[in-house]
Structure formats: C-alpha cells, structure tokens
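What follows is chain A paired twice: with chain B in the first complex and chain C in the second.
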Partner chain A sequence: MSSVLIVDDAAFMRMMIKDILEKNGFEVAGEAANGEEAVTLYKEANPDLVTMDITMPDKDGLEALKEIKGIDPEAKVIMCSAMGQQSMVIEAIQMGAKDFIVKPFQSDRVLEAINKVMA
Partner chain B sequence: MSNVEYLDVFIDESQEHLQLINNSLLELENQPNNLSLVSEVFRSAHTLKGMAATMGYEDLSHLTHTMENVLDAIRNEQLEPDDKVMDAVFGSVDDLEAMIEDIASGGDGKRDIEQAVQQLELALNGEVPEVPNQTANATSETEAMLEVGTVLDEGFDQFEMTVLTQSQEQGFTVYQLKIELDENTMLKAARVFMVFEILENMGEVIKSTPPVDQLEEENFDNEFVVTLLTKEPGTELEQSIRNVSEIDNVQMIEINVNELKAGLGQQESAATETAVLEKSVPTKKQPASSPDQKVEDSGSSDQQPKKSDINKTIRVNIERLDVLMNLFEELVIDRGRLEQISSELNNSELNETVERMSRISGDLQEIILNMRMMPVEQVFNRFPRMVRSLSKDLGKQINLTIHGAETELDRTIIDEIGDPLVHLLRNSIDHGIEKPEVRRNLGKSEEGQVELRAYHSGNNVFIEIEDDGAGINKDKVIQKALTNGVVTEEEIEKMSDQQIFSLLFASGFSTAEEVTDVSGRGVGLDVVRSTFESLGGIVEVDSELGKGSIFSIQLPLTLSIIDVMLVEVQTEKYAIPLSSIVETAIVNKEDVYSAHNQKVIDFRGKVVPLIFLQDTFDVQEAGQHDEYYSLVLVNKGEKMAGLVVDSLIGQHDIVLKSLGSYLTNVFAISGATILGDGQVALIVDTNALIK
Partner chain C sequence: MDANHVNAITRAAKSIMVSHLGMSVEVNAPYVTASDIASEQISVILGVNGELEGQIICSMKEDTAKSIVGTMMGGMDIQHLDDMSWSAIQEFGNWIAGTTATELSKEATTIDVTPPVINEGASSFHASSSFITLPLTSQIGDLNVHVSVKKSKALK
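Here is the complex of A and B:
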C-alpha cells in the first residue's frame, strides 16, 4: 500500500484529499499545514508520494518541494494548485514535481495523477 | 462525492479567511505601499477560491477569482490601491460574507454577483470588459491553422525541410504527434509544458502548431501538433506522453522526408502561411524561458516575510464546552457538600483529601473558564469595516482606534455584546461626531476620533467608547425626558449631570434631530442597556458639551460561577454577588434615621438608604432580632444602598442556576444556587434594588 503525505494549509482541503485517498486504498502518512511541517514530516515518514499545495503561509509549496527534492531526489511530489498559478506549476515541474492537480479537485483526476506517478 | 461532511470545516475556515482579508485590507488602506499585506489577502482569497470551487459554490469562487485578479494587479504594482479600487474590493468582500453566511444558514450560497464583478473589472481595467473566460476560446486564427493540418500532415517551409532532411540522414526519425488534452484540463499551458519537457528529453521539437507562444497563452482548443526529431523508439515516446495526466489521446505518425519532399510543391502556399508564424527552429527554449520570468515576479512578492502565528489548536463545539461546564458545576456543588461533611466529621485524613480535591477543582475551574474565554477581538473585528462604510454614508471623516482587543471574555458574553456595541458605536458616529465642515468651524480637526477600549479590572471587563464629537446636550435631554414623561421636573432637580445623561438609556429616547438611516430607528438605547444588564453588566455615560462623550460598559468576566457573600435573612439564605458589594458593616439601630419616608444611615459622611431584605422578599418572621443591623453595602455605579440582613455567613463560590422558564421576572432575584448542605439560596440582583 502506498503512503501519501498531504500538504495543504486548509484543513478542509486536507480532509478532502485524505478521503479520496483512503477510499481508494492509499495510506495517509501524515498531514502538514505548511511547507516547514511538510519537510519535517517527509523526513520522518518518508512517504511514497506527496501532494503539495502551492500557496501556503511561512514556507510555500515551491520551497518545500525544493527542500524535499534536496533530501530525496527521487521524491514523488504532485503539486496542488488553483487556477491562475500556471507559472508556479511550471516552475514546480521544472524543479521536479511529477504532476499537478488543479482545484477544484475531482477525485478521478486526483487518482489519475497519483496512479500515473506511482506507475 | 457528497461534500456535506466538509461543510462545517468549510464554513469555519472561510469565515477565518474573510476576517483575515478584512483586517489586511483595512491595514492596507492605511499603508497602501505595504505589498506584503496584499500578498496576505491574495493568499486568503486564493485558498477561499479553491475551497469554494471544490464545494461547488460557483458564484463564490467566481467572485473570489475576479477579486484575486485585482489583488494580483496590485501586488505586481500594475494597479494603485486607491479609494475606488478598495471600495470595489470591500464591496465584493461584503458579497462574499453574505454568501458564506447564506451557506452557513443552510442556503445554497448563490447570489447575484454581477455588480460586484463589474466593479472589480472596472477597477482593474478602468472599463467594463467581457467576463473573462477561463476556458480560453481558441482564436479563430489558430482554429484555421489546425484545419490546415487536420490529419497531422502540416506543411514545412524550405528551411524546415532542410533540417528534416539532414536529421534523417543523421539517423533521427521524424514523428508528427497530435496530442489531445482532456477537455476539462485546467492549466493547459502547464500540461503542454509537461509534454514538451518529455519530448525534449527524448528528442528535439522542431515545430508545433499552434506555435509555442500561443500554446503558452492557452490560445488553442484541446489539441496541438508537434514535429519531433528523435532516436527513441516510437512506442516508448507514445507511452511516456500518455503517462502525463489529462492527455486524452496521442496520434503519432512517422514522416518520410523524401515523400514529403515530393509533395512540397503543392503544399508550398499553405506552408508559407504557417512559416510566417513559425520561423525559427530552436523554439524549444521558449516554453521554459518566459514562464520563468513570471515565476520570478510572483515569487519575489510571495517571499515577503509573513507573520501569521500558527497556534496548534483544535476546534471544539461550544456545546461540548457548555456540557463540560455544567458537569463541573455539579461537581462544585458536590464539592461544597463534601467540604461541609468533612468539617462535621472532623477526620483529618478526610479533611486532607477534601482540601486537596478542592484545590484541584479550583485549578480545573480556572482552566474550564479559560477555555470559554475569547478575545473581544472577535467582536471588535467587524467594527473598522462598519465605521468605514458608515462614515462614507454619512459624509463624515472618522478615525477609529481600538485598544485592548486581546482582552478576554466568556464566549457567552462575547456572543451577546456585538449588537449593543454596534448600536453604541453608531450612536457615537451618527449623533456624536459632527460633519467635517462643522468640525472645521469649531476649530477641531476634520477627522473625528472614536476610540474603542477594552480592559480588565478585577473581576470585570470594561469596554469604553469615546468620541471627540459634539457631546450630549444636557438641556435637550432634560426637555425630551420631560416631554416623554420619563422623569418629573422635581426628579430632574435632584439629578447629577451623569444621572441626566443616563436618561438616554430610558425607553423611547432618540435625540437625533433627523432620523437617519444609521441610528434612531426606533430601537432605543434602552435595549442596549437591558442587554448589558441581562449579562450582569452596567452601562454609564459621561459627556462634555462640545468636547465629546464616553460610554463605558462594565461586564463580568464570566457568568456561570460567581463569587458571592452568603447572608441570612431570618432562616432563609441569600447570595449577594461580591462584584457589587462595597463592604459589610454593623450599625446600631439608633444610628438609623428617617428621611423622605426612607430609613437611611450616615455612612462616612454619605447618606445611604437602607433596604430591608426581609420586607423586600416577604421573609417569614422567625423572631430573631438584635439591637444591631447587619448591613451589606452594595453599589450600582455611583449609587449606594445598604441591604439589611440578619447575619453574614461568608464568601463562597457558587454556581449560578437560572430559575427556569416558570419563574421569569421575579423581582430582584437573578437566579438560585444549591449550597453544600443541599439548601437552595436565591441570588440577589442588587441592580434591581437600587433605583
């Protein structure tokens, strides 16, 4: 079973992703509300996959992505973005994000992204 | 997937974000150059948008999106946050609030946001444009071009042909790929970027239709065609592209350059047409380079230091806290009983245990009470917005300063004081602060000052609203009070200035000369007073004509557990809240005088009327009488009275229980409590006793 670390500053969003994941047989390795927590949790839990929100207080998703990639160049990170963040998404992909999903989330889109990345 | 289960969290978080937006916007008005504030608002709006869209509240997300555009423009210094812009943003925040409120109260969050959106567009562009469409329509130009190359065979110009021929000679295979994105793809350019990244890892893209710059701007439907030189096998190529999310279909053909050459003559005209738009071969750097710059822009403004404290908290339903409180109250009652029993039994081990338990439950009480405490900020937060719009409506300039917003009060009280405070503030702004021209003539600064203060003092919290406006016209108050029959002329003569001002709180009072939209809508200040009094609070007003007025409200810290003085009246026990007691005294019956049909005493040079609780509460005579009166001196504001009781028992923590719905309006009794020995004691409402 693949374990996933969920990073989003909105508890609402985390809950949503968590539900999608758990209903489809993924294990949630942890939840982080900002980039800082994400990096710490990544080190602790070493999940198979990270869903990473871009806009977050303190340390945003891009910085966290960079650090996680620094710790583990093989890290699989899927960016979560809203419309209007095209350039950030592109930057994230350049930095090594495997895929991105756009809010509002549709569960099949989320699963598609995760399955493709895990394949 | 049903979203109902997320609704509570959604509403809570949305409200938090709206509050954050409100605060930051207000700060921004004062410091228009502080772009980190804009970033903060932007971030909140952004999160809100994402949540709203996920929950399916389209109006909400659409409006936030438009607002975000404006904020983005401000953040990138393309737009000056002037009054007009801020008004538009504030306006839309109002709409957002209304929508969230609607959702919270079970509505569908739909709302006509056309106007707000238009305002924002106007602010952004200086004109009303078409509503921007996120699923960008492909321009007719690109559509035409895609038709040219429907079945993948596009034309190549001379230069491209040379490149193709040469690369084929070097062992490259030329593929043309038609890639179709899912029609619901949202960030198409980013998707395209992912595809290009894969392609460029495997070979070299020499041509794309529509051209790369148009792809980047999302000027295409859902499909595009690229020509790729590669040494990788075709199946692998296709597989890697299919592995990108949201790719619906990939069609791939291998191109034989020699065959193509043969057909070149016929296609030349079509080829030149596309060649105009796509001249150079090394297009591959384009998709990477220009987004880079954009990233830098938004990245740098995002890196402004943001200090939003993240406390580790959990949300607990207030009802659960109420239940906890109730259970604890029961415990306090039993603790009292236990204390009494142990003191009767006089067993040292029992005593020790009970003492320990009392200490712990005392700590517990403090924690439970603290849990229910919230900063008054909750209530104060909405005032700056209100004052802002109010002052605009009334054509007045007002500067509201807030002090002590961090002062904490019981949640139950917080919930209640919002409306009466709004009323008082409106009152100050509407009746107090003069219009700018009047102020100028009076030699005051045009901007009126309204100060809202909250602070702790003893077991009370004080909230004060002070303005530097016109003050209260005493004569007018007297006149009105007389015509309305609130007081008689005799009474007025005996009244101090403060007492006269207090008449404002008597029913049916509105001194505004014209009834404005703001205050004076029939709801008098008496409602304000009764609300505060029902919370155990006191309202006072002081004023100096021409200089301003000050309304001060005294509120208890908490409602349910109070400190009281237990007293005995004949055989019955009564509890008098410690907060209203000045002191206790014993006076000789000979020292009691009569004045105006009222028994009074001379208490340190002050004449204090006596109130006999035995008469007030019709307590049955049990025949105990001393030659002394035991007095509890209580006050209400400046006024004092001496409550005559038979004996003083002592100070206790008691749990306030209401008398229930059968016994409302019992004179001068605010509730009851159960004592340690199981007796019931009534709690005296001293405010009602002092007239």
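Here is the complex of A and C:
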C-alpha cells in the first residue's frame, strides 16, 4: 500500500484529501500544516508520495518542495494549490514536482495524478 | 484599479461559486467604496503581493457561510461553525484569491496570495486606499468581495 504525506494549512483540505486517499486504498503517512512540518515529517515517515499545498504560513510549499528534493532527489511530490498561474506551475515542475493540481479539484483529478506518479 | 483586474476577480468569484459550488449567482456592478468599508459577520482576509499589493476581503452573513461550508463538505447541513467549518471558510477565501491569481496571470499580472485570516463579527475595515466592492447575490445570500490593490512599487 502506498503511503502519502498530506500537506495543507487548511484542516478542511487535509480532511478532503485524506478521505479521497483512504477510500482508494492509500495509507496516510502523516499530515502537515506548513512547510516546516512537511520537511520534518518527510524525514520521519519517508512516504511514497507527498501532496503539497503552496500558500501556507511560515514556510510555503515551494520552499518545502525544494528542501524535500534536497533531502531525497527521488521524492514524489504533487502540488495542490489554489493559485494556478502558468509561471507557478512551471516553477514547481522545474523544482521537481511531478504534477500540479489546481484547487478546488474533483477527486478524480487527484486520483489520476497519484496513479500516474505511482505507476 | 484597472478594469482588467476587476474582471479577473469577477471571473474568479463566479467560477468558484457557480462552477465549483453549483450556486446560481448574479454579479452586480462593482462600485468604489471609500477607504472605510463595513463588513458582514464573517470576513476572510487575504493579502496580495507581487506585481499588485493589497487585500482581498470576502464578506458574508453567518448563514451564507454555513451554506458555503455545507456545500464544500458535500451537502451537509451546518448548524454551528466548528473548527473544521472555520478552516473550510478560510479555504473558500483561498480558492477565490488563488483563482484570482490564475485569472490575473492571463492579464499579464503576477500576484502571490498570503494565507487567509478570518474576522468574526460585523466590523469595519480601514485602508490607505479605496476599495472596489464586487457584490454577488445568490440563493444562499450575498457575498461581497472587497478588493484594495495597487501596483507594487518594488517590482522585480
């Protein structure tokens, strides 16, 4: 079973993503509410995949992505952001994100992205 | 404020309310408010930075917030706004501001959005520059989007 670390400052979004994952046979490795927690939990839990919000307090998702890729260049990170401007998508992909999901999303979009990355 | 910017925010608010939440929404003509605005019971405040600087404030009555949260949770009846509901309404503000960022990028304007803050209780906001208010009416009540942004002085 693949394990996923969910990163979003909104408890509501973490609940939504957790629900999609658990209904589809994924294991939740942990939940982080900011970039700092995300990096710490990544090191501790070593998940197969990360869903990463961008707009978060303290440390945003792009900074966390950079640090996680620094720790583990093979890390699989899918961005999940309400901001979907092309410049940001390109920046995230160049920094090593595997996909970029724009919020609000349909659960199918999340599953499609995860299945593609885990294939 | 640039008319293109107002249009981008209008498209963003409509897209969230109509396409995602499935509400039928009427967008009334935006108007300029002085630097003081009276807000409703619940306001989500988001900072804007990048090529524009300022705030986006989404203001609504408590019942409207409960309807929005209920819809976001997949059609639940929300009697009372608990911590999860507050988180949902913050995220609702983030969706509107984030979609605004996407729409503004199509007008060659790049902004970044800061995490949402909630103001509970009717109050008034004061800013150094004027606000544009975008009034939306829907079956679940009114949503006013107040925007105060100006071109950033410190452009990259």
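Methods note: the second predicted complex is superposed on the first by the 116 of 119 C-alpha atoms of A that agree within 3 Å, B and C clash if a C-alpha of one lies under 4 Å from a C-alpha of the other, contacts with A are read in each partner's own complex, and residues count from 1 in each chain.
FYI, contacts are C-beta pairs under 8 Å (C-beta built on N, C-alpha and C of every residue); 3 or more make two chains touch, one makes a residue touch a chain.
All figures in this text were calculated on a predicted structure; none of them were measured in a lab.
K.L.:
Looking at A:Glu112, would you say it contacts chain B, chain C, both, or neither? Reply first, second, both or neither.
P.N.:
A:Glu112: touches chain B, not chain C.
K.L.:
Of chain B and chain C, which one touches more residues of chain A?
P.N.:
Here the partner covering more residues of chain A is B.
K.L.:
With the two complexes superposed on chain A, say which partner A:Phe100 touches: chain B (first), chain C (second), both, or neither.
P.N.:
After superposing on A, A:Phe100 lies in contact with chain B but is clear of chain C.
K.L.:
Kindly classify A:Gln85 by the partners it touches after superposition: chain B alone (first), chain C alone (second), both, or neither?
P.N.:
The answer is both, since A:Gln85 touches chain B and chain C.
K.L.:
Return first, second, both or neither, reflecting whether A:Thr55 touches chain B, chain C, both chains, or no partner chain.
P.N.:
In the superposition, A:Thr55 contacts both chain B and chain C.
K.L.:
Per the contact definition in the header, classify A:Ile71: touching chain B only (first), chain C only (second), both, or neither.
P.N.:
neither
K.L.:
Which partner does A:Ala10 contact after superposing on A: first (chain B), second (chain C), both, neither?
P.N.:
Both: A:Ala10 reaches chain B and chain C.
K.L.:
Same chain A residues contacting chain B and chain C, which ones?
P.N.:
9-13, 15, 55, 57, 81-87, 102-104
K.L.:
For the complex, which residues does chain A have touching chain C?
P.N.:
Within the complex, chain A touches chain C at residues 9-13, 15, 55-57, 81-87, 102-104.
K.L.:
Quick check on the complex: what are the chain A residues that touch chain B?
P.N.:
Residue positions touching the partner: 9-13, 15-16, 19-20, 33-34, 55, 57-58, 60, 62, 81-91, 93-94, 99-107, 109, 112-113, 116, 119.
K.L.:
Which stretch or stretches of chain C touch chain A in the complex?
P.N.:
For chain C paired with chain A, touching residues are 16, 20, 72, 83-84, 87-88, 90-91, 94-95, 97-99, 101-102, 104-105, 110, 112-115.
K.L.:
So in the complex, the part of chain B that touches chain A is made up of which residues?
P.N.:
That would be residues 1, 6, 9-10, 13, 43, 46-47, 49-51, 53-56, 61, 65, 68-69, 72, 134, 184, 186-187, 189-190, 193-194, 197, 243-246, 288, 291-292, 294-295, 298-299, 302, 306, 308, 310 of chain B.
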